[in-house]
Amino acid sequence: MDCEAIKINLPEYIDRKLDEKTREKVEKHLKSCESCRALHEEMSSFLSFMDSLPSPEVPEGMKEEFTERLADLDIQEKKKVRVIPMWTKIAAMLVLAFGTYWMGYKTGEHKSEIVQNQLASEVSAQKQQVLLASLRDYTGPQKIEAVYNVSNTPNVNNDLIDALVYTMNSDKNTNVRLAAITALSGMMEKNNRIKQELIKSLAVQENPLLQISLIQVLTEKGVKEAKPQIESITNNEKTDESVKAFAKDIMKAI
Amino acid sequence: MKRIVTIIAAFAIPVVMLGQTKKFEYTPKVKNKVEITNLLGEISLQNSNGNTIVIESDFNLEKPERADGLKLLGAAEDNTDLGANVSEENGIVSIQGATRQVRDYKYKILIPAGMAVNLDYNSPFAKSDISVDSFTGSLEIKTLNASVKITKSSGPFTINTISGNLEVVFDKLNQIEPSSLATINGYIDITMPGSDKANFEINTINGNIYNNLDVKASAKENNKDKDRLAFGMDVMRTKGANSYTLNGGGQKVFLKTISGNIYLRKK
Amino acid sequence: MKNYILAAILMVATLGTAFSQKVITKKVDATGKKMEMKFDFADSIRIEAWNKNTVELEVSVNIDNNRFNEYYKLNENSFSGDIDLVEKIDFEAIKKIKGTGNNCNFDKMIRYKLKVPANLEFSLKTISGQVEVIGTLGKMSVNSISGFIDYTIPASMKTRINLSTITGDVYSNLKFDNKPEKEAQWVGTKRNLILNGGTQPIKLETISGNIYLRKSKLLN
C-alpha cells in the first residue's frame, strides 16, 4: 500500500473501522514508513482531542440541511464520503481546531497536511464547498479550549503554529486572540519563528488589551528585537493612552 | 382652609409616567447562536422558559409628524416596533439596533437556554452597564467602557473590555468550556462556591490580587522556572501569569487586568 | 382729537405695510443642462418635477421684517452652459447698519420653490434648509447640514440611493432590494439602498436632519 492510500485510510484506521485485510496493510506500512507514522500520530492526537470536546449540539435544521445536500451527491461519491458518522469530527477539525484557520485553508493560504489530505481524498473539491458552507461559527470559549489543547500537544508542528498565529491575528474574539498570544509565548523559547510572529503581530493588533499583552510577553522574555516595533506603537498618535503609558514604563526593562 | 390644602398637596401622589413596556417574540428556526449588535441601550440578559427569544423594552419611537405613514429605516429595518431588527440566517439570529434612539431605552432580552450569545457593546456611545442573570449558555461580550455584571450563571464566558469592571457570581463553574475575562483599567471580581473546581490563570500587571477562596499554586506553577535554591519549596508568585487551582483543579478560568485589582471570593 | 387718532391709526397701518416681502422669479431653459444650487441660508427648498423643459424658480425673501431684503441676491452663473444658482446675502452690510448691540440678531425667512424637468440632473447644498424633492427621476445630490431631506419617489424610478445622517433618523415606506450590511453602525445611519434594481445615483446627506423616503402615488 502506498502513502497516498494510507492517508485515505488513516481516519478509519484510527477509528478501528477498517476491515481486517486493509487494517493489516496499513499497520505494515506504518511500521516502515516514518512520515506516515508521524501523520498517524498527529491525526490520532488531534482526533482524540476532538473527541474530548463535547460534540457541538447539532442544531435541528443543520443536520437535515446537510443530509439534503449530500443527497444531491453521486452515489459513487457517497461511498467515499464517510462524512455522516464522522462529520462532526471533520467539521470540528476544520472550524474548531483551527479556530478561524479553515478560512485560510479555504483561500489556500495555509496548507494543512492533515486537513487537506483528509478532505482531498474523501471529498471532491465541490463537496468541500458543501461541507464548508454548512459549518457554523464556533463560540469564543470553544476556540479558547482548542487553542489551549493545541498548545498542550507534545509535538506542535508548523501547521499548528500557523493555526495559532492565524488565530492571534484574525480571530474575531479578543479573548481568543489573547489565549493564542499566551500559548505562543509559552513556546517562544525553543522557536525563533514564533518570536518573529509575535513581533510582527504588534503591527497588526489594534485592540489595546492585545497590544499591551504582546508588549508584556515580549519584554518579559527580554526580546530586544521587539523594541523598534514597540517604539513605533508608542509614537503612533492613534494608539490608546494606556498602551503608550505601559510601553514607556516597560521599555526600561529591555 | 389653607392648611388643608397644603396637607393635601404634600400627600399628592406624584403620577409617575412609566414608560410602557412592549414585547416582541421570535422563535428561532435553528437554536444555535444569537448575535446582538448596535443595541446601545441598557441591556439585561436572561434565559427564557421555552424555545422563544423574547425582547421587552420601553422603547418609544419619537417620530416626527412628517414621518406619519412611514416606518423607521435605520442600520436595519425596525421589524419589532422596539427599534430593533430581528433576523435569522445560517443558524445565527441577529438582533440589531435600528436607530440611535435605542440608546435611551431598556432592553430585557430572554434567550432560550443553551443558545450561545455574542453581544457587541463595543461603542463609545453605549449608554450603560450590561447585566446578566440566571443565564445558562455560552456568552461572549465586548465592551468599551461599560461594566458587566453577571449573577447566578455558570458560563462559559469570554468578556473583554477596555475600562469596564467585570463582576461574575458563578453559581457553579461550567466544567466543559473555559472562561476568559480581560480588562485594562477596570477590576475583576469573581465569586465562586468554595467547593467548585477550577484552574485559574491570573495575569495582572499593576493590580493587586485579593482572595478568600482557597486557591493553591498549581503543580505547573510549582515546576516553573525553579532554580537550585528553590528546591523543595512551594511557589508563591512568579513573574508573568500565575496558575492556581481550586480543589485540585477543574476547568480553566483566565483572568487578566492591566491596572485593576482582582478579587476571588468564596460564596 | 378724532383726527389725531385717525392719523395715528393710519400711520400704524402704513408702517405695517411699509416693507414687504421680496419675491424673485426666474425662468431658465434647462434642455441638455445640469443644475447646481447653493442656497446656504434657505429655510426651505421645494423642488417639484414637471413635464416642461424649463426650470422655474420662485424665492420669497424676508430679512428682519423685510428691512434688509435688498441685501439678498440670487446670482445666476451660466459659464459652463449649466445652470449655477448661488444665493448671496451681504451680512457685513447688514451688521454695519444694525450695529453689534442687543438688536443685532434678526429673523429671516427665505423660501425657494422650484419646478424642474423630471429628468434634470442637479445638486443642492444648504446649511439648514428643509428640503422637499417631489417626483424627480434624474441624478441628484442633496446636502443639508441640519435640515431634513424629504424625497417622494416616482413608482417608475430605478435608483441606487446613497444616504447618510449622523444624528437624524431615516423613515421610509418603500421596499428596497437589498439587505443591510452586518457592519456595526454606531454613528447615525449610512445606507446604500437599491430600488427596483436601479443604478441612477442619488446622494442624500445630512448631519442632524432626518431623511424621508416616500412612495409616490403617481406613476411619474
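Each chain gets a letter, A, B and C, in the order it is written, and its residues are counted from 1.
Note that in this section contacts are C-beta pairs under 8 Å (C-beta built on N, C-alpha and C of every residue); 3 or more make two chains touch, one makes a residue touch a chain.
Every value quoted in this text rests on a predicted model; they were computed, and no experiment measured them.
Asks: Which two chains does the highest number of contacting C-beta pairs join?
Replies: A-B
Asks: Mean of the CA atoms for each chain, then the mean for all of them together: which chain is nearest?
Replies: Closest chain centre to the overall C-alpha centroid: B.
Asks: Relative to chain B, which chain's C-alpha centre is the most remote?
Replies: So the farthest one, by centre of C-alpha atoms, is C.
Asks: Please tell me the distance, in whole Å, between the geometric centres of chain A and chain B computed from their C-alpha atoms.
Replies: 28
Asks: Could you give the separation in Å between the centres of chain A and chain C, each centre being the mean of its C-alpha atoms?
Replies: 58
Asks: Using CA atom averages as chain centres, what separation in Å is found between chain B and chain C?
Replies: Here the centre of chain C sits 47 Å away from the centre of chain B.
Asks: Residue numbers of chain B touching chain A in their complex, please.
Replies: Residues of chain B touching chain A: 29-33, 90-92, 114, 116, 118, 138, 140, 142, 155-160, 162, 176-185, 201, 205, 239-241, 252, 254, 256, 258-259.
Asks: Across the complex, what residues on chain A touch chain B?
Replies: Going by the criterion above, the answer is residues 54, 57, 59-62, 136-137, 139-142, 144-145, 148, 173-176, 178-179, 182, 207-209, 212-213, 216-217, 220, 240, 242, 246.
Asks: For a test of understanding, state which residues of chain B touch chain C in their complex under the given definition.
Replies: Interface residues on chain B, with respect to chain C: 37-38, 40, 63-64, 66-67, 69-77, 85, 94, 96, 99-101, 120, 122-125.
Asks: Can you list the chain C residues touching chain B in their complex?
Replies: Per the stated touch rule, the residues are 148, 150, 167, 169-173, 180, 182, 184-189, 191, 210, 212-214.
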